[in-house]
Amino acid sequence: MKIAFFPMCMVDMMYPEIGIAAVNVLERLGCELEMPEEQICCGQGLINSGYTKEMIPVAKKMVDAYDRLEYETIVSLSGSCMNAIVNDYQVLFKDDPEYLERTRELKKRFFEFTDFIVNVLGVTDVGASFHDTVTYHKSCHLTRILGISEPPLQLLKGVEGLEYIEMEHADRCCGFGGTFSFKQPVIAGEMVYEKCQTIIDTGANVVCGADAPCLLNIKGALGRMRSEGKLDRDIRVMHIAQILDSKE
Amino acid sequence: MALGNKTLDDLINPISKQLGNAKVADHVDMPEWEFKAQRVTDGKSHDELVSMFEDEAEKIHISVAHCKAADLAACLAKIVGAGVPETGEPCTVVYAADERFRAAGLADALAAESLVTKATEWDETAGEACIEAARVATYGITYATAGIAETATIAQPTCPTCGRAISLLPLCHIAVVDAAAIVPTMGEVMADLAKEEKLPSQVCFISGPSATADIELVRVEGVHGPMYVNYVIVE
Amino acid sequence: MSILYNTEATLAERVDECLSDDFKHNAIKTAQEVFYKKRGELVEEMGEGWQQLRMHAMEVRNHVTENLDYYVKQFAQNAEKNGCIMHYAPTGDDALWEVLDIFEQHNACYAVKSKSMMTEEVGLNEILEEAGIKITETDCAENILQTAESKPSHIVVPALHFNRSAIADIYREKRGYDGTDVPEEITHFLRKILREEFLEAEVGIRGCNFAVAETGSVTLVTNEGNGRMVDTFPKVQIVFVGIDRIVPDLDALDTMMALLPRSAVGAKMTAYFSLDSGPRGAGEVDGPEEVHIVLMDNGRHELANSEFSDMLRCMRCGACLNICPVYRHITGHGYGSIYPGPMGLVLTPGLVGYDDIDNMVYACSLCGACTEHCPVSIPIHDLVRQHRINIVDQGKNHKIEVPIFKALGLFWSNMPIYMAGMTLGAPIMELLAHDGALDADSTWIPVVKNWTSTRDFDILSKSRFRTWFKEHKEEQAKNAEGGEQ
């Protein structure tokens, strides 16, 4: 199956290993991937801070990159960025009929990574093995707005050797919120430390998620807790794609 | 613009303007609603509704008793005959001037209870004295017009023979409700009220003792209204 | 009080104050957990019916909003037919003027009040007290706040920031309480002292949860019974009704009441819910002899037919507060508005504008939990964002941040600039980092410190994913060619 891949900017900038893992998984499942070279970022941080005018060129660039006939299926490695493209762009382009229509068309072809594997490819066992205890953070936009809550869990449960432990309030926001975490550092800090405590309380050795930004936030807080002596063990922070690409 | 003395038009005109209406419509049809909600009471038999009413009542700390119509006075007398709840001290009673209580011989039944020192029938002509009777009463007895199975709620309209104070001021409220008057949801009660030419000055829907959790979320019963609520379901 | 309070403090200062109070912080967190759990159980019990109820409530409330002028008029005329005396208040000041006039006409100087957000909104208590009128809050929590001269920290249980011994002390000092710190004993003391006030007061002041247009009725939902006391004993009653409280008929009222208590406190029904249609009838000895309805707009009509019209569906249940991951940390006091939490972030600037709200609308991570839990499906987090958009469009944003967002817009839409940023940024970050992350040592860097003051920040990777992908595809193509040869 031919698909266009949308890695999201943070994967490109900071975590190429997550993107590589996802490509490995998808290719192993028989997908042939393409990626438009000109795609950069969905620009969500701009509209979420109120800067729609500044976001329009960013969004247009993204629509131009993916709105091509040959891309019948587009797979996003982030629920939040996908939500920005398929839903927020409709707000952004409310006075631009051409781009509004193209965004609506694009929405039909967009799938989130885990949802695509489970509900389009019909696979829950991707052939991975991962012998460790894992908990999963349900990122907000993926779970609540796109309504994708089961596929990641189905995939994790299909991994050989993986022991899944659910955290309390798994769908409570980690406090990233894009520019929120810079604009309201104190509140965001409270939120992520509370999230980390629920992760620690599971006793799991690994926390995973399907949105890299939440992982950046959680990893940053766990790292700080570790260096300040508030956490006495290492907890690995992984993207679900990395677990699905594992043979350990 | 000067303050106060505004007319209805002063209030409405800016709304019309905001809505883009030149004037207020003479009539607005209610649309055909797209959604109708299923309720937990859907498809339940009347017997099931009565037992749901009881189960829900117990969950919200209401004591429930059953009786035949002929035994109503005896049933009520037995409850109040126990005196003040928890202490068992002598008690006083105020009750609605309801024909059904008279027919059941409630006054005599109460008079026969040794712990009932005074029983007062609500008397609209007595004015403030009724309120005083309710203020000092241990028990207030009313006849509800309906019971709602979903929430164990009773509907209690105000009328000259049944003042608001009876179900409000006493330590305990006893609401009598006919089993036949138990309906699935508040919707049925509302539908009946909608048929009335004029609504009562108040219909109070009561579901349990007055309660608060305002101090450290600790539930305390008996705040401004009754501390105890009993239902008597008349078969 | 009016809508905003403690405006001299910034959002950041208010948040710091809230976080420094462990008792308050924990009390709100506990309240959230309790209400969340109870609500969740009831919603689950209703199955499909819950979503259907939400959708129905939404269509009903939207219908009213779309015909708001008609329904306001219908309600007013029918309430008048019921014998209520109507007072029309386009503004809060009009409402205050009307209320003072009622007191003057009756030469009254003593009132009891059942919690009402509308009266808070216009600062009624302060105005009455200035006029020499004694007004007693009768909801336990509101009475605690009034006695302690404090502000609500939660919309349903507003005095949660005081512990039991603080509350007992307040009454020991102000009302001669001589009991223990046990909540039951304090509550029963309040029962005793307030009962006298209910029976003596000349005027009862209350709010209205829903006003029924077709019957001209007002309603009141309480658990403590103070609402019933207020509308049973004082001879004169004043009911504050917002123009956004209207439902078309009794059928719609049932729908709203199936949603409200479940959403607000996780109960199927509150202890009391009264449907009031006019003053006491002939032959009735209790209930008000005179009912004055103050029908108030105070800026609400501007929400109709605007991007915020969804907010007119709000029934003030507080479900959004009880799920909000921000509210649980900053509490009601963090927002500086009588309407706190997610709904407050939408309603407050909707009513007062953007000039005096500091950074309030940024106290939200846009996680959408509020929207998911709202019983009338208000897209709350989208509306919070809409305020942010309007603030920028109206030029009321912080000028210092503009270049940053302009630069981001350029950076994310221009490949050479993006790649140059990466090429330049990665080695610089590398220099500043320890073990691949900016840590506590980087708090001297502006903007970055906002993150690194509490968390580490992974630095830019040395290589781009896109570079790997391109090479990967080239290799695949080469292998394919090789295979073909």
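Labels A, B and C are assigned to the chains in the order they are written; within every chain, residues are numbered from 1.
Keep this in mind: a residue touches a chain if its C-beta (ideal position, glycine included) is under 8 Å from a C-beta of that chain, and two chains touch if they have at least 3 such contacts.
Because the structure is a prediction, the values reported are computed rather than measured.
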| Which chain is in the middle, if each chain's centre is the mean of its C-alpha atoms? | C
| task | Based on C-beta pairs in contact, work out which chain pair has the most and send it over. | result | B-C
| message | Just the number, please: Cα centre separation of chain A and chain B in whole Å. | response | 53
| query | If you average the CA atoms of chain B and of chain C, how far apart do the two points sit, in angstrom? | reply | 30
| said: Residue numbers of chain A touching chain C in their complex, please. | reply: 5, 7, 9, 11-16, 19-20, 23, 33-35, 37-38, 40-41, 43, 45-55, 57-58, 60-61, 91, 140-141, 144-145, 171-173, 175-178, 180-194, 216-217, 219-221, 223-224, 227-228
| note | Listed in rising order, chain C residues that touch chain B in their complex are 27, 30-31, 34, 45-50, 52-53, 55-56, 59-60, 63, 66-73, 76-77, 82, 86-90, 93-94, 96-98, 101, 138-141, 144, 157-160, 162-164, 167, 183-184, 186-188, 190-191, 194-195, 198-199, 214-215, 217, 223-226, 228-229, 231-233, 243, 248-251, 253-255, 257-258, 267-287, 295, 297, 301-302, 304-306
| task | Could you please specify the touching residues of chain C with respect to chain A in the complex? | result | 12, 15-16, 19, 325-326, 329-330, 359, 362-369, 371-372, 382, 385, 387-393, 397, 401, 405-406, 408-409, 412-413, 415, 418, 422, 437, 439-440, 447, 450-451, 453-461, 463-466, 468-470, 472-473
| task | Give every residue of chain B touching chain C within the complex, in rising order. | result | 3-4, 6-8, 10-12, 14-16, 18-21, 24-25, 28, 30-31, 33-40, 56, 60, 124, 126-128, 130-131, 135, 148, 150-153, 158-160, 163-165, 168, 185-187, 190-191, 193-194, 198-218, 220, 222-226
